Structures are given as structure tokens and as C-alpha cells.
């Protein structure tokens, strides 16, 4: 009985958080170890279904770089990167779409389904959702790499209102209806903005944003974050993620968090505790 | 971090129960120590608000015998009982209504409010909800003691649909609009039937239904319970509660539980565990 | 037949008023003789039900001073007043709540029910409706006497939209969830403002506002009323009521009337005739 | 003041009737003196608007025989009748449609409008509402005289739900879309059946159904009425009206009344008193 | 098969137009040869039903001058015109109403019905829709000729939302509820403005607006049209129609077209091609 | 102008079909040449968008055998067939999912988008839509080849109600959430049944069902079709398609058609003509 009461106590501790996020949209960028390791995958799916049942509106945007690379290798297609962006010719884009939309996306839908939720997979082409222009990087041609110019949330809203959890692959279409590869963080940020999400959560493989001494910074304002970037006190790898958060905050998203996806139930902990599992960025 | 993950694990264990009771109506008879002792009152309020937020539809029906007795004493009005039922003349009924509707009911509404919920207090007279006839006990006149003949759920539904938690005092009205005192267990059972509730929970001051050897019986079918009553293997004090459960089960309520209200967070434990805090009665 | 046709003529005379107030909210402060004398009580209930059926949205806010005083006396609790406000310690407040919420409020609900209407009783604590701060009067401590700071109309709207007539006891809660005694006129005015009512009617025990010569003033603008107060040409007893009306008019209520509640069917006459039963105050 | 209170008393007497007919559909066959004499026209329009405002759903079906005859005469077209039915060739039908749909119907719409209501005129052709076959009378050709086979209530419902009072001219269309003249009593009965009306009221120029001694019969069951017809104890002129009532009763209309339309406010009196202005026929 | 494929090609060509006008309100002034000649009548009805089925919201406003004249002649009532406006005394207005509302309007309703649509006929008096003042022309009395001051679209909206096609006769009512004759072009323009229509189409008996050389002008801005009028380069007969279009454009109607109603399926061609059947006027 | 009027005539011929299928669900099995050849792909997309705009509810279920085979070859995975069904081990299923869900499905979504429609791609795993068991063929193991046991239409309905065109890949999930390859004809039939579709259209690469002499049979009842199969007078290749149609007809689909997808605008022709482009099967 003692143990039971302790358990009840844990549930009760969650109440203020449940109230705070009730009926709010939470966009989750899903990737890295949380997507690669079976026990983390399972814990992620349960977390998402839990959030849905207690009244939040989770929206998943996923990446898939490693799976794309593996399939390209299998097909004997060479991978090239410029400034960390994959050069994407038509043959490569074919594989990107097959892997992201046909494999990774579907696996997440099924994963959520096995955890008791009902998900629907979407890519940016569905309902003309993620609209892009070709990304230009200096004088180098990256091929079909897109930069998000707008997100039409109609498809996401239709799916969410009907009680499903949307799972979105980061593929965009340009004005001619040609598909492009989109950075998953960028896609997640754009989706969060279009939905005026309460929160954008980026699941990563680091413990959070670190300061110059390597200490995790639990909370940062957008302004402070910008200063860290200017002063070079954030590691290069974190800059895109932090920038993505800043941009989301400035476009109407209430808060963003960079979370360590290697922690079991990282998502639940992020929502139901006051810090400790990453870095919170606020306006 | 280890502790945090353990906490997340507890939340996750609740998921199957959350799914099972999602959007279901749960009628709770609230009384006894759970209503008398401050720390249990607080834990009860939190439990109810928790249930509301995670998507259930809790409905509270409360008693108030001790408070009525105390006020009668203060006013110098004598209390008489026949077969455990309070003889209720007009002067007594005045006090019953003031105490139940004006004090006990309001305190529960405020209690829920302080726990972060939004409650509305109702008595059986609101919207002609709890309809009674005068209860006849052998050849003795009990005065304004009512027996429920019907419950019009319109007022409860209006309040619930607007997002409030209804808190109901066990006062009924007869066909002439005269108010009567009603047994709270009976009122709770009748409300549960009228709402086709998923569950009726009776908070009591015992550990559950005990067998002839004094062991708690964790689960009973209505048929078995009836047999126990016939064979006299259930204590006299429990017979009205068990009968109330049997009647509810036979009128469309899916399950009923007799729970030990002296346990902290008894309500959450009842919903989120598979037994251990009382006796479950099923069809 | 002649008599019948005359009756039809009376009905027809009511038509322009019915059209004018169709679907409009009318807040009625109920108290005084209209609440004390049986034949006036009955006529009041019929009037309210009539208004409801012909398409208006009546909302009742009641007082209860005499009943509170009687019960306090019975319980041997002394009554003290400062500037006409009851000093309200915790013991007194207990009685106030029991009498207002458990007795007076319930009797009105049942009264309306017997006249064929469906009412739901509410107090200011329901759904956090009437929000107050402690009223400060010079340097004297009045105890739990509240001053309305806001009214959340959600509970009233839920009840009204579901077809019920709300009956509201003038009890407020402060930010800590502690209940306070509120002046009924003030509560009625605040409710009328929160609902943007078409009309606020104060039932009183006088014939209306009188001028210096003791003549009833049939109609007054808010400005004129203010001038009368400044110039002292209104009796002291009327000043709070007139002030309440002025404040309501300035906060969006279209018109207010001070009506002689001692007249049979005073409410119907107020709505269905062009004056003669009190004083109309307009912007 | 005494007079005012008496007036309020009259209003109050109406309350039980208002409650009884609340939100009920009342189909009124409008014709005869009530349509011919200015003061009766005005009183009829006020009555209808009154019924609408106090929550009933009045539907008007009108005749127009005299106006048709007058216009035919003016145009030099001869009128022929067989068994009381107008022989209707194409030239006559043109006039019937112009007079009923363009003059009589429109005048009623405007009449209701001037009394403060909002009406919409319809004929049986609107939305394919009144569907007829050609009426066959023995071996004589009556031309475009229709017998109602079905009523599609969609147009009436659309108009009523949007808050308008439908005013219907008795013109039907056959399966080929050809318009036909329809008896107004028959049309009213068919409309009442299609709407499952609470009441069908036929305004006539007699005091009611009389027995063999010439006494008004205040109330009749359908069975009794049928017997009167069989036994010849009802005047020939009343037989079609009584038959129309019987048929309506047998098809789901709750009650029907044959009312003396020459009485001022006959409609209000019919609804708001317990007899005295005609003959009530019930199942 | 070749022919079939060609047909499909024609359907496909319509797609961009279908998309452009989807769910848009199109007000059509119906009159002239399109109303007089049987084969054009039939093609008009089919066109309207087609527009309805493919998702547009057509609203018809019709004239009826010739039919009025013919009936007046038959009744021996003299016709007088001042500045092209019919002098309308009471006897004439009676005929106007009978012919427009009882004959012309009804025939169009039935015509649409036979083509498979569901129409409801309305005149300006229905629901107080077309509100007019008496038109004053210099010092001459025209009698009951109205100038539109406002259109209350509630009746049209009710009918359209319920899936019916409204057919409107150009009769207005003044503030006293007196009906007046209204120019049909003017009525159509006022209805289009009140509905914020996407398009106003005037069916006429000319090929379109011609320039000084007698060439059809395919497209005109409001400004250019105004200049043509000022410079006298548009024929006198077209000035009222062009002015009506200009006024509509300046009041929120997106585009207007003057179409040759003598062409079979003129309406479909106007909607589904890019010009060729008249003159398009745009802002 | 002559040509324009001819075009209008073609549109008008379509009207009866538009009315017949208004708001009806049409399930289309898309595959074969219609999916392989660019000009047929374009005409198919236009047809689908056209159907959507004129008020039908098209649902697309596609195949993808050739594309799967090509990708397997490229990856060096051997293809094996038993009774025409692909033996599907895990490696093969990975490719099936990537190609069907990530490539073929997405290309159709984009194709529809470029034709002006808004589509959303779904696979049978979305929302647990297509539920299968493992298909058993004699004693041979086919691996992950599924047989449809149920279709949950919730995801399709959500997408359709929000105005999107659903495009469904024939992948099913079993009770353990494991994906399986499903025959596209079978999936289309099951979807049509679950939606109680008005019509199931199978686009094929033959002209229709042929009789023993090789003549196209324009129309067949289910019973006749069954007889043809029994008597062996239908070619072996057509048997599965005909059987699929029979099963759909027997489960509530109103009609089914086997259409020659090699014809330009085959879909429009099927809907808008009375035969000529294949074989219609009816109950």
C-alpha cells in the first residue's frame, strides 16, 4: 500500500503540468538515438500516446539522415555534403522520399499504433503543407534541398481534430510541385510556428546547451541565446538547433526546449518536471 | 535523473487505465473520513481534478450526516433514528438542507476550486433532478425521508458539458415540490444509473467487503454478492452499500467499487491500479 | 365571449414588449416583501417562468438578510453592523452560507419549479463566479465581507444555455478561495454587467425613487440621478440602490429599474407596461 | 394600478397554454371573413406574430376563392364549378396562380410584416413542396385541380428554422411540374401531417360544428365525428372540414380545431383558453 | 470513342473555372429573350441547375415588363411611362404584383424544378428583404415606383443555405410596408451588393457594350466605363445597365458581365470561358 | 460562337450524371498504364480533381507492382511469385513499403496537387486502417502477404471531410502491428465496402470483360458474372477483378466498373456517359 500511495503521489505531482499544457499543441522534433535505439523508441511512443490521452495535442516531425545514408550506400549512390547539407540530385531525392516517407515515417506511425495511439503519417506534399524554395548556398548547387517559405496547417489540423497524432516527414514542395529535402529541425520549427504551438521540443543526442565551461544551461532567453551565438560560447553543432528555437520563439511559439533524447521517457520528463532534462529557451 | 525516470515510469504505468476510462463518467459517493480529515480532503480534491484533466467525467455525490447532527445539537433539535434512517420533521429538514446544500456542498465546491478544478454545486431540487416519494418503513412515520424514483440528468449534463465538475447534495423533491432527505449512497447509485456511468465508487471507512474469515474480497460478481447477503457472510453495515452496488450494476453501470476512503489518494489508486484498495463488484 | 376578447386584447398589448425584450438577459435582484410574503412569492415565481417562456433570459440574484438574522439569533450568535454592513466573523459566515446557499436559494429554486420553471441554484463560489476582495470600511474590520472585483459568467451561461433559470446567492470568493458575504444589490449589478444584461431590475419595498416633494420620479437619466445624490434630494436609503443602477448603466447594462416588489406581478408589469410601477433609470 | 394588476393576471392565465404549446408547430388554415375584413385581418396578423414570439411555430396556409372569382370576372373568364370544385382550364389556372401567389399570398406576408413579424411566402411549387395528381371526379374533367399525394416539408423547415413565418398558397405541382389548384383545407391538412404538427386550426365563418339541434359541440373525438357524418347529423357544408380534421388526426396531428374566424383574436383565444371559440376534434 | 474523348476534353477545360467560382455567389439578372423564348428558357434553367450542382451559389433576380404590359392591356388598364419608368398607380401595382410574383416568378421556379433544381420564389416583401423609398423623378409623380435603399439578405441566405436556388421578383417595400415596383437591374445590383457576390451577370438582348464604331468591347474597367458614359460613346440604352454594373463593382461585387441572353447556354459560356459572350466590367 | 455553344452542350449533357453522383463516394483502383504513362497520369489527375470539384468524393487506392520489381532488381533482391502473389520476406517488405508508401503514393499526391486538387497520402497503417491476417496459400509460405479482414474508415473520413482527396497505398497491418503487402484490387474493394461507396472503379489495361467470342460485355449482373466464372467464359486474368467486383456488390457497393485505363480521361467518361468505356457490374 505504501508503494501504491507513493505512486499516486507521483501522478499528483504531474497535475500542475497537465493543467498548464491542457489542449495545447506540442511539436516534437524526433530523431537521433531516440529514434535509433529500440528501448528509447518504445519509451518515446508511450510518451506521445500519454500526452495525447491527457489532453495535449502532440505533433511529431522526424528526421532520418542515417537511414537515408544506409539505403544510398546499398544502392551504390554516393553521398555528398556541403556545409552539412546533403547534395540532393534526382536519384538521391528518390531515395530520400522512399526512406523518409515510406520507411521511417511509417515505422513511427506503427510504433505509435502499437503503444495504443492512432497516428497518421504525412509528408510536406500532403495538402500542399510544407512549401519551399530551393535553398541557395553561396555559389554551390545543392540540388533538391528546400528552404521552408510557408506551412499550410490544414492537413495537420484535419488529422488532429479527428483525434489522430500527425507524424510528419520533412519533405517540402516548391511552387511547381517538385519535392525537396528539408532539414528536420527547420521543418519542425516551421510547423510549430504555423500551429502557434505552445512548445517546440527538439530531441537531440546531447544533454542540452552548454556554456563555455561545459556546464548545461538550464534556461536561456532568446536574447541570451543570441548573445551566446555571437560570442561563440555555444558549440558549433548546437548553433542550428538554438537558432531554430530562437526563430520559433520570435514567431509565436511560447517556449522551446532542447532535450536529451537518450534519456528514457525524456518527453514526459520534459513536460512534467521543471527542468533537469535539457535547456529551456523562452522569449 | 534516476529518480526522474522512475517517476516517468509511474506515469507510464497509468496509461492503460487512462485509455480505459477516457471520456467515461465516474460517479463518486464522497463521505466518511475522506470528507472529515483535512489531509484526506485535500488528496480527494486533487484526485478529482486529476481525473477531470486526464479526460474522465467525475461526478461527486456527498453525504453529511455528522455535520447535520452537530448543527441539530447546536440548535437544540433532537435527532431520532429508525432503522438507521433519520426521522426528519420540518424543523430537521430545514437544518438538513442548510447543512447539506449550504455548507457541506459549498465546502466541496470550494475545495475542488482550490485544487484547480471548476465545480458547480447542485442539490436534487435543481432542475427537478432527484425525484422521490416518501419512504415508508413498516408503520413508522419517518417524515421527510425520500426514496428515489427517478433522476433527470439534464442539470448534471449541462454542467458537465460546460466543463464543470458537478457536486451533488442528496436532497430530493417529491411530485409536489417538497424536499426530502435522501440516503447519499442511494442518491449516488441513482445518479450513476441515470448517467449510465462507467463506474460507481463508494468511498467508505472500511477496507472493503470482507468474507466470513474477515479477509478482504478483492472482486465479487453481483451474483456472488447477493449470495453473501443471503447467507449472512457480509457484515450488516456493508449490506446497504453492497446492495446499492448490485442495483447499480443491474441498471447499466459497468462496474462499482467499495473503496477505503481513509487511504491517501484512494480515488486515483482505485482508477489507476488493478485492485488493492477495496472490493470491485462487477456484473 | 366579450370577456375573452378583452383578455386577448391584454395579451396583444404585451406584444411590443415581448418583441423588445426577446432573447434579452434580465437580471432581477429579488428580496424584501416579494420574498417574504407567500402571495408575492408565488406571483414572483410565475412572473419569472412567464418571462422565460416568452423568450427572455431571466437571472435571479437574491438577498436574505432577515433569514440570516433569525438563524443567528436562534444559534445565539450576536449580529453587529457597521455602516449597514454586517460584521461577519467565521461563525457568522458559516450561518450566512447555510442560510443563503442552503435555505433561501433552495427555496427559490423550488418555488420556480412549482411554478413550472426549471431553475438551478448557484452561489458565487460555483465555477469561481463572483470574485471578491475583502471590503475595507475606514479603519474597522468587518471580517468576511467582500467587494466584487469580477464576475466570471461561465457558470451562468452554461445553466442558461441549457434552458435553466439561474438563481444566485450573493456569496463571493477571494483569490484564496475563501468565501465572503456580498451585498445582494452589488452582486446583482455585477452579474448584470458581466452578462451585458438588457435590464437590471431591483425589487424593493418602496414605490420608487422620490423627489424632494415625495413624488415618485418615473424616469431618470444616470446624470440626473447622480445630481439628485449630490444635492441630497434622494432619501439616504435609496442612495445605494440608485448608485448600483448608475454603475450598471455605465458598464453596459441598457436600463435599470427600481420596482415596488410589494405589488402583485410587479415583474410582469415592469416588463409589459411603460412605467407606473417604479423608477426607470437610463443612460 | 388595480387595472394593471388585472392585466398581469390575464397574462399569467396564459402561462399554462404557453408552456403546453412551446416550440410546437401550429398549422393555420386562413380564409373567410378573417381574411376579408380589415379589422379581422389586423387581429389575425397580430395573433400570428404573438404566437411566434412566445415560442410557437405558426405556419399559415391560405385560400382565396373570392379574390380569384373577382379577377376572373374582371378578365371576362367564366367560372364553372362541379361538386364545389372550380373547373380549372389553363386560362383560369393562370389567374389562380396570379391571384393566390402574387396577390393574396403577398398581402398576408406584408400584413404579418406590418404587425412586426417576418414572413416568407411560398407556393406548393417552391422546392417541389406540395405534390399532386390530377383529381378525378366521376367522369367529369375538372382540368388542373389537384389532389395532394405528398408534401416535402424541406422548404417550410428551412424558412421556419431561419426564424421566418411561412405563408403557403394552395397550389400543387404534379410529377411533370405542372401546377394545379388545390383545396386550401386539404393543403393545410397535408402540410400539418407532413410537419407532424401539434395542432391544425381551420378558421371558418361558422361558430363551430353543430349537433342536430343546432347547438355548438365544444369537443368531439374523431370517432364521434365520423359517426355524425355517417348519421347525417352534421351540416353538409361542414363535412369537408370535419373530414379534413379526421384525416389529420389519423395521420399524426395531435389535435385540430374548427374556429370561428369572425371573432376578434380568434387564434389567440383558441390557443390560450380551454374552449369557447369553436369545436375541438381530438383522436 | 474519339468523340467521347473530345467531350471529356471539353469538361476538363471547364475545370479552372469551376475551381475559380467554387462556393461563390453569382447573381443573375434574368429577362429579355432568355425569358421569352422557350428554347432559351430551357437552356437557362439547365445552366442554373448546372452551376448549383458544381458548387456555385446562383441567385436569380428577374424582370417581367412585357408580361405586365400584356396583362394590363387585357384588363383595360392604360400604361404610362416617364423616363422609361412605368407610372404605377394602385390598380397597376396590383397587376405588377400578380404578374411578377404570381406568374413570372412561379414559372421560373417551376422551370428550374423541371431542370432538376430546387428553387424557392421570393419577392422583396419576404422577410422585409428589398427596402425602398418612393422614387422621385423631377416634378412628376410616378406612383408606387421604388428606389432601393437597403437589402436584408436573411431570407436569401436562409433559402440558399438550405440548398435551394432563390428566384427573386423585383418588388420592394417601403418603411410603411407598402409595396413598390422596382427596376429589375437595380434590384439585381442591390442584391449582389448585399450578398457581396463574386459576380453579377446581366442577361440582355444585345451582344455587349459597343464602342463608338459599333465594336463589342470585351472588357472594361469601371473607370473606363464611366468615361464612355461621360463622353457619350455608349448607346443610351446601355447606360442604365453599365451604371448598374459600375455601382455594383464599387460596392464590393468582384466582377460584372453584360451578356447576350439570346445565345444558347449564355450563362454557362459566361462562367466557363474567358470572354466572347459579352462585356466584362471589372474594378 | 458555334463551337462555344457546342462546348456548352457537352457540359449540359454531363448534368444528369453530376446530379446522380452528387456527394457520393467513388473508390478508384488506380494502376496499370494509367499510372505508367505520363499523358494518362495527367489526364487521371485532372479527372479526379474534376470529380472532387463537382461534388463527388473520390478515394484513390493504388498499386505499384512494376515499381516494386524495379527497385528490388536494383537492390539485388530476387522476386518470387506463387499463384501470382509476391513472396514477401522482410527485406522485400521493406522495399514494398518504401516504394508504395514513399514513392508511388507520394507521386500521386503531388500529381493531384499539380492538377489543382489537395490530396493526402495514406497507407493501411494510418489510424490502423487496413487490418489484415497473414494470407495462407495451400502449404506454401508467402511471408508478409496479407488478407484484408477489416477496414476502419476513420482516417479516410477525417481526410475527406476536411476537403482532401485520400490516396491509399495497399499496405495492411495485422493484430500485432506488423505490416503486410496487400493486393491493390482487394484493398480497393475493402475500402469501397467500408465506405459503402456508390461506385468502385477498377482502372485496367484491357477494354473490359469479354465474352467467349472476345466481344466486350457492356453490362453484367453479379449473378451473370458468377456464371461466366463457373463456366470458364471469362479469361483467367480477369477473374480476380471480376470476383473483387462481385464481392463489393454483395457488401453494399452500389455498382462497380472495370474500365480501360489506357483511354484518355477514362474516369470522366466512366462517370459521365452511359457505357462505352468498359464493363459495368451491378447487383
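Side notes on the structure shown:
By written order: A, B, C, D, E and F. Residues from 1 in each chain.
Operating definition for what follows: contacts are C-beta pairs under 8 Å (C-beta built on N, C-alpha and C of every residue); 3 or more make two chains touch, one makes a residue touch a chain.
Note that this is a predicted model, so its numbers are computed, not measured.
Note on connectivity: the fewest steps through touching chains from chain C to chain F is 3.
The chains in contact with chain B and with chain F alike are A.
When every chain is reduced to the mean of its CA atoms, the largest separation from chain D belongs to A. Matching residue numbers shows that B-C is the pair in C-D, A-B or B-C whose interface repeats D-E, with more than half of the contact pairs in common.
Computed centre separation for the pair chain E/chain F is 45 angstrom, with centres defined by C-alpha atoms.
Rounded to whole angstrom, the centroid-to-centroid distance between chain D and chain F, based on C-alpha atoms, equals 56 Å. Looking at chain B, one finds that none of its residues touch two or more other chains.
Taken as a graph of touching chains, this assembly forms a single closed ring in which every chain touches exactly two others. Taken in their complex, chain F has these residues touching chain E: 1, 4-5, 7-16, 18-19, 22, 43, 46-47, 49-50, 53-55, 116, 263-265, 268-269, 272-273, 276-277. Interface residues of chain A, counted against chain F in their complex, comprise 71, 74-75, 94, 97-103, 105-106, 109-110, 113-114, 118-123, 125-128, 154-155, 157-159, 161-164, 171, 173, 176-177, 179.
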